Structures are given as C-alpha cells and as structure tokens.
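Here the structure is laid out as structure tokens; the discussion comes afterwards.
Going by the order they are written in, the chains are A, B and C; count residues from 1 in each one.
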Amino acid sequence: MRIARTFQTAPAAVPKENTAKYLDSALASEGFSAPDWLVPDLEDGTAPDMKAEGLENTIDRLDGGVEFSGEIWPRVQWAYDDAGLRDRGEEEVRTLFEAVGDELTGVVVPKVGRVADVERAIDVVERAEEAAGLPGGSMELSVIVETAAARSDLRDIAMLGNEDAHGGGRLAGLVFGPVDYTAELGGRAIDGDRPRWDGLLEALSNEASANDVVAIGGPFDKLFEERAGVTYYNAPAYADQVEREAAVGLDGSWSLYPKQTVQANRIHMPTPTELERDVSKIERFNDAKAEGTGAVTVDGQMVDEATFKNFANTVETVRTIHARHPDQTRDVYDEALVDRALDLDTDWQR
Amino acid sequence: MRIARTFQTAPAAVPKENTAKYLDSALASEGFSAPDWLVPDLEDGTAPDMKAEGLENTIDRLDGGVEFSGEIWPRVQWAYDDAGLRDRGEEEVRTLFEAVGDELTGVVVPKVGRVADVERAIDVVERAEEAAGLPGGSMELSVIVETAAARSDLRDIAMLGNEDAHGGGRLAGLVFGPVDYTAELGGRAIDGDRPRWDGLLEALSNEASANDVVAIGGPFDKLFEERAGVTYYNAPAYADQVEREAAVGLDGSWSLYPKQTVQANRIHMPTPTELERDVSKIERFNDAKAEGTGAVTVDGQMVDEATFKNFANTVETVRTIHARHPDQTRDVYDEALVDRALDLDTDWQR
Amino acid sequence: MRIARTFQTAPAAVPKENTAKYLDSALASEGFSAPDWLVPDLEDGTAPDMKAEGLENTIDRLDGGVEFSGEIWPRVQWAYDDAGLRDRGEEEVRTLFEAVGDELTGVVVPKVGRVADVERAIDVVERAEEAAGLPGGSMELSVIVETAAARSDLRDIAMLGNEDAHGGGRLAGLVFGPVDYTAELGGRAIDGDRPRWDGLLEALSNEASANDVVAIGGPFDKLFEERAGVTYYNAPAYADQVEREAAVGLDGSWSLYPKQTVQANRIHMPTPTELERDVSKIERFNDAKAEGTGAVTVDGQMVDEATFKNFANTVETVRTIHARHPDQTRDVYDEALVDRALDLDTDWQR
C-alpha cells in the first residue's frame, strides 16, 4: 500500500527576497504539516519570467540529498496543444534528472490530452532517465487530468499504469485539475462555486483502482474567507472537499498550503471512531467465524468477505501510516487501539 | 417485458439445525414475499466449511421440481483474480446443471473482472450446459459488477447480452455489488454510509437498456436499527434506496430478507397514483389525438411520442405483473383502474 | 466562439387556422425572445397527419430569405430502429436542401443509435447537399442523444465533430433528449420528476468540448403550474434547470416557448455580477502581473493561468454576444462595464 494522502504544490520561485521561500518551508515541514508527495511547481505556480530561477532553486535545494520524509515530484511545463511548452518541459525533466534524479520519485505533467499525449510524456521520462544514467524504470510519471481530451481518454490513460503498457507501466498517479477543466468545458460558477464534477471523480477513482495507480483530488483555492472584517483560514470548506474525495476512494488530496496539508493528512487517515469500529467488527467477526458461519450479523449488519475487506482496508491503512509516521498514529489514536490494530488477524480465510 | 423486481439471495447452508432454513423459507414464500429471482447463495452467504452442504441443499430442494413462482438463479463461487475459486465455481455449475438444470434459469457469477473474464464465465456455462445435455443456449448468466475492472469494461461486458456476441448472448443480467466495489476502490463510510456510486448506477441502467439485459441494484445490509433500546426493521432506508434505483431505470433491487422482498416488489410496481396519472394521461391524450395534433398539452405538460412512451411503460409494467401475479395487482390497485389499464390503447400511431 | 444559448423547437404545422402559427411567431421574434438556433420541428412536434404540411410551411416561410437573426436547423424524422422513418427523414432533408438550403445551417436528427447510425445520418446530409448543388461541407448535423445506444457510444459519436472523422466533421451539436431517454431506460418519475441524469450531462459537456461541438440540454415540458386556481408560467423551475446546465458547461438550453427562450438567452450570458467580478479580477491580476509573480492572490483566491482562463471565458462570451446582439448586452450590463470588458487585455502571457 502506497501513501499519497497529500499532494502539496510549492511554487519553485516567487518574487520575494528568498525566491525559494515556499520550497524551503515545504522541505522543512514535519509531522502532519509534511506532505506525502511534495511537488516543486515549475508550471502555473511560478511566474513566466522566473521559470529558470525556479529550476535552479529546485536543484539547489535537493542537491546532495534532503531530510524530507515524503516523495518529491516536480511539476514541469507541458500542454497537449503547445509544442513549445512541451519542449521546455522535456528540457526541465532532463535537467532535473541529470542534477538531482536520485532525490526524485518522478515528475508531474500537466495539461495532457488524449492517450497518445501521455505516451509522449512517458517517452520523455524514459529518454531523460537514460540520459541521466538512472536505473531503467526508476522514474515515475503522474499526470494532471484537466482537459476534456484526457477525461475522454481516461480509461486508456489509466491503463498505462500496467506493466505491459507503453513504457512498462511508468504511470503512477492521476491528479484532477478542476480549474483548467472547468475552463475547457465552459463551466460556470453561477452561485460562486464551480461544479464538483462528481462523475469525473468517480471515474478517476475507478480507473486508478483498476490499474493500481494513485488518484488525487483537485486543489481548493478559496484559502481564506472574510466575515465581519476578519479574514480566516477556510478550514471547514476544504475539509468537506477532502472528505468527499476520501469517501469515493481517492488516495489523497491536493494541498496549496501547510494547513491544508495537515487537514488532508488527517482526513485520509481513518478517524479514531472508524478504526475502533472496524477493529471491533473484525474482532467480533473473528470470534463468530470460529463458530463456522459464512454470513454473520454484527450490529445488525451482515458481514461477509466483501464487508470484511472494507474493515480490513481501514486497518491496513493505519498500519502503513504507522510504519512510516509512528508520531502521527500516536497523535490520533489511543495507544491501546493502535496495538489492537497491529495485532489483529485481517486475513479472510476461505 | 421480463420481471426482475427482486433478486433475493438466500444462504444455501447455515449453521442451524436445518442448514437449508433460509432456502426452504424462500422457496415457500408467496405473494409479495416471493422474489421474482431467487438466488441460492453458494458464495459469500455460505461459510467456507459449508460449501459442499450448500450445494447438496440446493440440489435436494430443487430436485424433482418446485412450486416456486419466480426464476431460480444460484450464485456460485468465482473471482477474476483467483483461478482456484474459478475452478470451484465451474465444478458447482456443472453439478447444478447436471442435477437440477431444468429448474434453473441460469447462474450468477460474482467478482468478474474485465470482459475477457466474463467471456470465460460464459464458456463455463456453455460447457456445463452441453455436459448436462440441456438444450443449447437455454442457460443464462448474470454477473455481479463489483470490481474496478468490471466497471471499467462495463460497456463491453453489457454488449455480451446481444445475440451476435461471444456465446450467443447468454448474458441476461448485471447486478451491482457495492460492498466489494467500495473496498476495491478504497472508498470510505466517513459519516457511516458508503458512497452511493450514482455514476455507476446511471451507467448500469444505460448499458443494460442498450443491450436488453436486466439491471439490478446492490444489497442494503443495515437490516436493523436500534433506537432507545428497541431494535426495528430498517424499512424507510431500504425503501429510499429502492426508489432511487427505480427512478434511474434499474429493473429490480437486491433483497437479503423477506421484508425487503415485499418492499422491492411493491416499489418496482407503479404506485396507484402513477398508474392513475399515466392511464388518465393516455386516455385524455388519445381523445385529443383524435383531433389530429402532434403536440398536445395535458395538465400543462406537452405530450409527444416520447412522453407518451413513458406513460405507456407504466401501463405495460402493470400488465406484465398482472399476467403473472393477479393477486398482487388486485392488492395494490382499484379493480376499475386495472381494467382501464388493460383496456387502454397504448399504441402511438405515427 | 459560436453562440447557441437557445435551441427553440417550433412545430412546423399545428391544427389551427394558420398551421404555421408557431413557426411564424418564432421567425418574427426579436431581442431576447429570438433563439440563437431555431428548429422548425417536423418530428414529434408535428402531428403524423400534418407532416407534409409542416414541410410545406417550412419551405414557404424560408423561401426567398428571412430576416431572422439566428441559425435555422429543421428537425426531421429519424429513428435508429425504424428504416421507414429514416427514409422519410432522408426525403425531408433532400426536399429542404433543394428548396431552402441557403437559409439553413443544417438539420437536427433525433433518436440516433450507435455511432454507425450517426454516420448514416452524415451520409444523408452529404448526399442531399450534393443533390441540391450546395457548397461541399456547408450543411451541418446536430443529433439528439436520447437512446441508450447513443449514450453508450457518446464518446465515438462526439468524435465525428473532428475534421478528419467520417464525413469530414459535419457533426456540430449534441442535444439531450431526456423524455425518450428516460423511457428507454425504464426510468420513473416516482416523486413527479424525472431523474436529472447528471452523469450524462457531465459526459455530454466533456465530449462536446473535447471535439469542439456544441452541447445543449433537454426540454423542460412542465411549462405551467397551477396554484390556488391560478395557472402561471413556471419560470423558476425552468431557470433552475438552465442554470444547472450552464454550470456544467453546456452551451445552450432547449426552449419550447418564447418565455423559455428569453430566460435561457439571459442565463447563458454571464450575470452582471459575474462580469463585474471577472473583469475586475483580470484588471487587478494584470496589475499584479506587472510586478512579475506567477501565482497571485486576488480576494483570497490564487490566480494562475487556469483560473485566469475561467475569467477570460466570461469576458469572451460577452464580447461574442455583444458583436451580434448589442441590444442584449446594453440591456443587461452597465455601459461602462461593457466598455471595460471590450478594452481588457485577456491574454495570459507566458
């Protein structure tokens, strides 16, 4: 099980005294503030005239290795309908792999079009990996699904995650980009909010699961609200979005801000109530199973292999996070509950 | 028009004095308690160590013929990612067809994967039918859509319902399996409820209709609720789910329990209000039609061939149920209303 | 940018003294009452025994040219499962193109099935265009998506809008037909309303955008409501539907009635608030851009190229409507705001 609760973009260069300010703070983040995936952003987050500096910053900060606990995935420039941008993107991938390839898990490619365009991006990664002398197949690719063409080809694009697909299965992640997507479709925020694109999210979750790649929701950009003269961080609205994404099985959420990272890291962990409920259901089910019946009723709910798997998912997620971030599980759950989760028999025996 | 209002699974063996208790009661059910499709369950409803007994029970109870008014569709073991389970499933199909094939409409195969896996299941049915000396093409197949792979291939899987498809169109039904499906996608019941997967249900209804196969919703397993110390049958929540399924055009709903069967049989019949409304609209429309206009307004709604077809659907459904279960239509509608429905001219004449 | 805010069907013949009454009033409509696309309806809106008269009326009214400000798109007879109807439809297309082809933008073909059926309709248009001696490729095709087969093949059907597709990209519009669609799927108006088919609308918007064709919502046929003895035009319910369609990026809405046309023309224009908001955001963003940062926060919302495109869409829509209907923009917006929208730099410079 791979952890990708948070996909935090950080502009690679900003017009401040320290142009790597956001990159520095993201790389120094700890605990719940540290994203599982950190994305130094050379695309829309960095101004046109600062792209070169963004690339330098990224290399400078990663060169020689970093302490950072998560995966590092720079986002490069790209667009399915702009060959010039794609050339710049390829150049960025080559430069990054050459200089700091060992520190990276892969690259994030935005604005991909139909499946052939994603295959083109895979070829770019493959050539850059070889040119940099990195181990064959070590560098992965995630794409932002934010064009009508990519949504139309989503099923075929997701299949590029399979080992026998073009490029040997480098595709590792599908990330939703709602702002560009809404603009492409001509959608409107009539009452102030963009449509939620529930159908797309359901399909993203399904196709990612069918091909064992990671699915991540889109950014929430109304970071702050104002009420009666006071501006505050918009915590509830972001949490609502992340909860909806978690419910339909997205693996993680996009973060634009450290507080969003804290929230998404937390929400993509089972709540203490969920963990207590599912640990307890498995415990009671395992007891009942000893008596030899297939369908057992626990709290008025029939438990069969399928229901059981849902409970076991909860426990497996906690175990994976615990192995990597024991401080986080300690923070959220009772020690005794963590121990019960670790000890539990989560095998359904046929 | 085929009736499949209810798809009731009954564990084929349970650890009680009479291990066929649920099978016996389902086979003896009458009136609204009798499902249109009865599914003796050899898969998740029967404990691993009771599979053989479940198979024996099913054969024993069906051998020599039964009075049961509906179709009988055993669910066998199967999984797209487990060859051992598929072998056991094939063995179960062969044994069932050999012993009681004449009593069966077909078999239900769970946990299918991509379209090639469903074709594999079709081949199993075809071989077993031949081995048992049953008429060629007489045994049908329904599958549970409960994996990301099956959802991804849903369009192609549904096309197996066409006569010119692999196996000659044996696929007769598509049934949703939300529990396994949610587990596969990593979905979460954050507020206690699984996501509804509205996109999947809409697609299931569409692809079933496009290929003339039956579409059936998933089980509702919170059979009972407790309030202030009293446990009660969760009638409203199940009815809500069945109504949503009926609205989007699913032909039937999954039942785990006789009271659910009563409710789903009722909800998948037009209500008296719907029948009165649509009979009356057709009557008034037919009168207006005599005056020779294409678009007629009845109650402020324009009625053309398309609207008319919706009204006629209501009437046709009632006629089909009436032909098979006159006791049920008598129970639900005024005798005079049934007579009007039977007498009505539901032909749209171009 | 093409305008298709309204798709108004007008029965081509009705049993009144002037059988072309609705056609005449639609052709004479002005201002917000005039649809962007006017659809003389030879299909469901015209009675079976008045089809010939409907065709005559259409030709008679268009012959010699009309003042009408929008595009004219007759709907002919057709059904994927009825060869006789298709023959009549082909005959209608030929007659129309021969007599008044110069006045038409194209034809609307209903009840199409899978992609092969739409290709068949394209061939009909191509042959009729040639027979009538019209410029090659001048006549377009829009189809009503109202069968399960067309929904199943929607992705491939939409691709017929591309220049390199069958027939050279004649497909120009995809229009939803919810009444026939609901009847085909066996959907039910249990609480009085048909399902909204949100998944289909999302897909329609996406596939239209991916192939640069126009997407239009379905008719709303509850034109009138009665309350306490008074019958009134159902303005709010229609507006709600049109707003939902606009939000998910449909280009226009179906109108059955002049007041619906007024409403849909208005709703598919940005509101004054939207225009003021987006013009102001671009103005402030352009100012901030001069300082050289990629991601700028305006009103607590991060603005990057993607967000910017959404604002620019609003402005472009207003400019397009203004070029064609300056009376409409004058009616809706302050003159000063229109001037700001026209003057604005909406180029995102990389």
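Methods note: a contact is a pair of C-beta atoms (placed from the backbone, for glycine too) under 8 Å apart; a residue touches a chain by one contact, two chains touch by 3 or more.
Computed from a predicted model, the values in this text were never measured in an experiment.
A.B. asks: Over half shared or under half: which fits the residue numbers at the contact of copies subunit A and subunit B, same or different?
C.D. replies: Counting which numbers both chains contribute, under half are shared, so the two copies meet through different residues.
A.B. asks: Could you report, rounded to a multiple of 5°, the rotation needed to superpose subunit B's C-alpha atoms on subunit C?
C.D. replies: In degrees, rounded to 5: 120.
A.B. asks: Where the CA atoms of subunit A average out and where those of subunit B average out, how many Å apart are those spots?
C.D. replies: 38
A.B. asks: Show the residues in subunit B shared as contacts by 2 or more other chains, in ascending order.
C.D. replies: Residues 198-199 of subunit B touch two or more partner chains.
A.B. asks: Across the complex, what residues on subunit B touch subunit A?
C.D. replies: 11, 14-15, 44-50, 85, 146-149, 151-152, 177, 179-180, 182-191, 195, 197-200, 219, 221-226, 231, 234, 256
A.B. asks: Mind pulling up the subunit B residues that touch subunit C in the complex?
C.D. replies: Result: residues 155, 158, 198-199, 202-203, 205-207, 209-210, 243, 246-249, 251, 270-271, 274, 291-295, 297, 300-302, 304-307, 309-310, 313-314, 349-350 of subunit B touch subunit C.
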